[in-house]
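Mind looking over this structure? Questions follow.
Letters A, B, C and D mark the chains as written, and numbering starts fresh at 1 in each.
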Amino acid sequence: MTFLMITGRTVNQGVTVEKKTSAAYAEETSTCFMHEFDMLELGLADLDTVMLTGVCGTVVMRAVASGEVEMGTVFVPYGPYANHIIAADTHSTGMPDFKSHEVEIEPTDEEPKSVHGLMEDLGGLAYDR
Amino acid sequence: MNELLIKNACVIDPLRGINAETMDIAIRDGRIVEEVSGAAEVIDAHGALTLPGGIDSHTHICGTKVNFGRYMSPEDMRAGRTPRRGPLHATSGYSVPTTYGNSYRYSVMGYTTLLEGAMAPLEARHTHEEFTYTPLQDTMANVLFDGNWGVMEAIRDGDIKRVAAIIAWTLRAVKGFGVKLTNPGGTEAWQWGKNVSCIRDPVPYFEVTPAEIIRSVVEANELLHLPHSVHLHCNNLGTPGNYTCTLGSLGLIPDLNRKRQTLYATHVQFHAYGGSGWRDFCSKSEPIARFVNMRPQIVMDMGQVMFGKTTTMTADGPMEFNLYRLHHDKWSNHDVELETGSGIIPVIYRRKNLVNSIMWAIGLELALLTKSPWQCLLTTDNPNGAPFVRYPEIIALLMSKRYRDAEFATVHPDTAARVPLPAIERELDWYEIAVMTRAGQAKALGIQDLGKGHLGPGAEADIAIYPLRIDEVDPSTDYRKVIEAFGRTEYTIKRGRVVARRGECLVDGSNATFWVRPKVSDAYDMGKDPDFIEKFDRYYTVRMRNYPVQEEYLNRNRCIETEAAI
Amino acid sequence: MIVKDAVCPFCGCLCDDIEVEVEGNRVVAVANACELGTTKFMCEERLKGPILRDGDGWKEITYDEAIRYAADTLLSAERPLLYGWSGTHGEAQCVGVHMAELIRGVIDNTSSVCHGPSILAIQEVGHPGCTLGVVKNRADLVIYWGSNPIDAHPRHLSRYTRYADGFFLENAFRDRKVIVVDIRRTQTANIADEFVQIKPGGDYAVLSALRAIVQGKTETIPRTVAGVTREQLVRVANLCKGAKFGAVYFGVGLTMTRGKYKNIRNAIELVSELSRHTKFTISAMRGHYNVYGSNEVNTWMTGYPFGIDFSRGIAFYNPGETTAVDILARKECDAALIVGSDPAAHFPRRCLEHLADIPVIQIDPYPNATTAFCNVQIPVAVTGIDAVGTAYRMDGVPIRTRRVLSTDYPSDEEVLLRMYTLMQGAR
Amino acid sequence: MKVTLAMKPGPRSFIPIEAESIVPKNFLAGTDLAVWRGNRELRLDEVFSVSVEGDADRPEDVEVVLSGDDTFRLKRVGEYMDGGKITVLGDIGMHCGNFMSGGTIEIHGNADGWLGREMTGGTILCRGDVADYCASGYRGGRKGMKGGSVEVFGRAGDFLAESIAGGTVTVHGDAGDMAGAEMHGGTLIVHGDCRRPAANMKTGSCYVYGTAQGMLPTFAKNGTVQHEGRTLIHFTGDIANRGKGNLFVKGYKYLD
């Protein structure tokens, strides 16, 4: 199914933001908040893993039902997971489309990677793994 | 020990009554001395015009509002860009240049001391940070009290000493120099989207009038024995017919100080308008100048307008909104809690515009009709009337009737019927220009005793040597040479060191900040006043302990202590 | 020991009433701060010393070695990018600007990916704003548009708006109306008196419609605009016009959606329009505690608030061209210095792929996502915890942070100054 | 005179090359010109194989031909150009034809952002696509293109002709979001679709021969008009901005 992905701040993202290599940060920023009807349609229960596919890649997250999002949209806290599929085009304004990204979402058996894993996929080397 | 000897200088030093005497100036360790050793470095001035370093007693160069002017104007920044060169940093901007741009350009014109005209106390730290990056001039800041809740409440209670006590605490906390009132009462009313119409119109809720604010703050200022007088931007700036309001404000001022004026009225050009609207808009420079000529307690500055692009910025928020409604260009406003506000819009003054032409004439008229140059100082209210780089042209206009006539021929044809300028024959001389650009400023600011604005032994060695011999140049006819010379010194010397030479700055200097600490008795120490503390904590959004500007922000700290009478 | 009136180095609220209890040079308790601030004060996971990427591993190096490496790398670059800055104090930012000037690089700060579009809008139409205390003391109407303070600026509501009594509002909760405009029903929406839910991408249209309605041109407006009924728009317009003092606070919900700065421009023009009727102000909910300071410092030193390219010696500014995401995604820089931010966590992947290809030096107290892309990381003291400096609150009020812990870590400013001095020697 | 600048193949690099010196009139005095790669100043012949055929006394008689695989890295080509011709056989980088007042630039490939920014005269033809801000203004500025013409045979990106105040911009394909935003003069013609055309316009004319997606609610409908054989719907606006501009669209869709 196609969704509009919105990213944004959450308290938990903020609380863990200075601990980027912690499990708590990874957990928060790999959460895909969805409308419960959308989850039903995809056959998802809370914390099931989902594969998000954007124009420039895929990433695995966990789906969580939220009353704050509308059907057809998903909300993901700012962080490396969402950015793994966000395109870098800024429309020449300096600012990518962090709040309006079309993504395909489907259930998956894969587990979300660690933040280190994501960074290493892109050519980095984890320091304190 | 650093010694410098300037030989064959043609000195005009009005504070010492010296008018075009050729002499040597000896400098040791940044100060002027009687004589130096034979080892001193020598500069031969070859008879060039030599003046104390220029002082701008009302300019907007540093702080929240100025920086916002830059922030919102990338198009302005495209002008005046220079790269980093040697010790000099990159610069950008024309009407609101970067701090380095301001500093270098002022220095090239021989200016060594600048007074930032309006600093909101809550944001004072910002002004001081920018002072640090204005390396080639000593700096000081006027502190805004026009909408200060504590001051207005004390005035309502009739307690002048408390007014003084609040001013004293604030000056000390924010490391300010003088007391500024911008559209007194109007900035508070503007926080409700309103204004005050003139000096008898009460401020909403506080129920004090601008007249009461002006009178009370003037008295408080004198109780504190501050070096500078109250610095007033009158109500009703920029509106047709406002000259009556200006006269009313000036008429409130008794003569309370023997050493200097009791009131400094700033950018009076913007306050000398006649007419009932824009259609019959006209100059009222004559009644204003006549009034000031009879009152030694008043000093004003011109606020000259020059044609071209600039950015207007003032604490007078409602005035800027009215301008925005006229121009429909971009508009910024910034109200500051419990204190004051500000507004900014870009403008273009056009020769073909009748109102702009009249404004241009009025500034010149004020300077020419005021008998004593000590009572009308040269400013553009930088950058409101024009960027300060236009000063040399203003000097030339004041010195040359022929130049004025040539310019007058290019302005709106109806101007002649609205202004007295064409009939004014007066041409100012070198001495009068020296008064209007440094000596008068030093006296008005009360800093001559600190060694500013003159070249006597003990003075700070801030000196401008202009590439011009006054015996060879007739300013009345050679006004182009006057413009050129005042635009670019042969040498600018700051605290005994050559900082600019023939249009190029040479060093990354280190300036000083002057501020005032009035000593008050314990009973009037607001830092210990329960009511003051309680209100502070309830209504400000910054803790009282975090409010004062720490001394870390003062580059080279020149504290002036005064013995207050409270 | 309790440090009173400490300044919280987390978000743009820059709360300066924090009480930090310290025992044995460790923070043991924090009072008055929100959860975000408390966690920051308590955070202890610092990098111990400078590290160098060495093939497939890391090795510890000295500060001298790290600083020398950084200076050499940046000096030899044809277009170095100096990015971040919002997480450090102004004094360090000043050194950063001087460095960019000297080595002719590009300096950009995190506002390019938070409120850069707001700045572009302000540069087109200006900004009628005010300090936070003006709103606290006066505003009887507050509008949060595309911002969610409960999550991002938790104390904004209690210090300045919903729950903050002020001089002219003895009972703010009763006397002050709050409108929330968002595309999702956030927690902040739940405490609003009026919630306006807009279809994604519809902010611009709604703002245009409101401007027209405020001018009395309701008849042109379609029955619904981006999911909002005309009736609700009229009601909101009337609430605005009827307020004595209205304040709009907008967040990245406006800056990050299509149209970007045009959304903000439209919001500012709505406020300018309302200013003809009553008092209205608008302000950005700035994210990092000192992102506004990086704009201020850059502006007074270079003339521009962010995205400044010194390649040619003079300052050139053109967000979209001279901003970090664009430069990295287009592979237009050949070295990077990262200070006080974590682009690897916050930039799209394509940018990280380029970071992996070029030398990267990071100055940051914590191991973070960007560490993985570093050649060298240099740990420093944390401003507001063990380093002191100037920060600018979201409304432009500058505050000096307090030191609550002592430290052996150098400050950002010291490390940068040492790099700069080496560079000056080489040039 | 024909000046051929063939970009030399170099090490793989994407550092932009600023080449505002590549303007026809500059070649009247020879080819001793400089360009900048990042912070390094390079001689023209370090970047290009330079050849000159014939001679000329005035810019109008100079044609500059740019070729090579990396021409997309060249910025500011044709800045302040006042006559003559520049032909780009491939893609061109940002700010081509900035402040141009005369002459012709023809681009056979695509053009990057800010093509013809603040131009006042002359002609730009782009055979491929143009990126964002074609024929626009500068940050904080009040005026975009003031005169001349830009014709694009492919598609255009976002913010096409932002703040246009004069001249004509024609795009044969689709255009992106915010086409003709802040328009206050001039003419913008989009043959395909675009999003939110003429937002906040004051005056001027904007034609969309396709569909205006996300049509703004603050344009007043005035019926239909015939225009070059097409029936278009005529709107006036942007009323949010007290505008009196004309927007003509074939079709439109509100975000309702």
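Note that a residue touches a chain if its C-beta (ideal position, glycine included) is under 8 Å from a C-beta of that chain, and two chains touch if they have at least 3 such contacts.
Please read these numbers as outputs of a predicted model, since none were measured by experiment.
The pair with more inter-chain C-beta contacts, choosing from B-C and C-D, is B-C. Relative to the whole-protein C-alpha centroid, the nearest chain centroid is that of C. In whole angstrom, the spacing between the mean C-alpha positions of subunit A and subunit D is 37. Between subunit C and subunit D the centroid-to-centroid distance comes to 33 Å (mean Cα coordinates, whole Å). Subunit A and subunit B, compared by their mean Cα positions, are separated by 56 Å. Chain contacts: subunit A has residues 91-92 touching two or more partner chains. Counting partners per residue, subunit C has 120, 123-124, 201, 258, 310, 312, 317, 319-321 as the residues that reach two or more other chains. Across the assembly, subunit B contributes 72-74 as residues in contact with two or more other chains.
Chain contacts here follow an irregular pattern that is not a line, a ring, a star or a complete set. In the complex of the two chains, the subunit D residues touching subunit C come out as 13-16, 18, 36-40, 94, 113-114, 132-133, 138-140, 177-178, 181-182, 195-196, 199-200, 214, 216-220, 238-242, 254-256. Against subunit D, in their complex, subunit B makes its touches with residues 72-75, 78, 329. For subunit A in complex with subunit C, the touching residues are 4, 6-11, 14-22, 29, 56-57, 67-70, 73, 75, 78-80, 83-100, 115-116, 119-120, 122-128. Of all residues in subunit A, only 91-92 touch subunit D in the complex they form. Contacts from subunit D toward subunit B in the complex involve residues 138-142.
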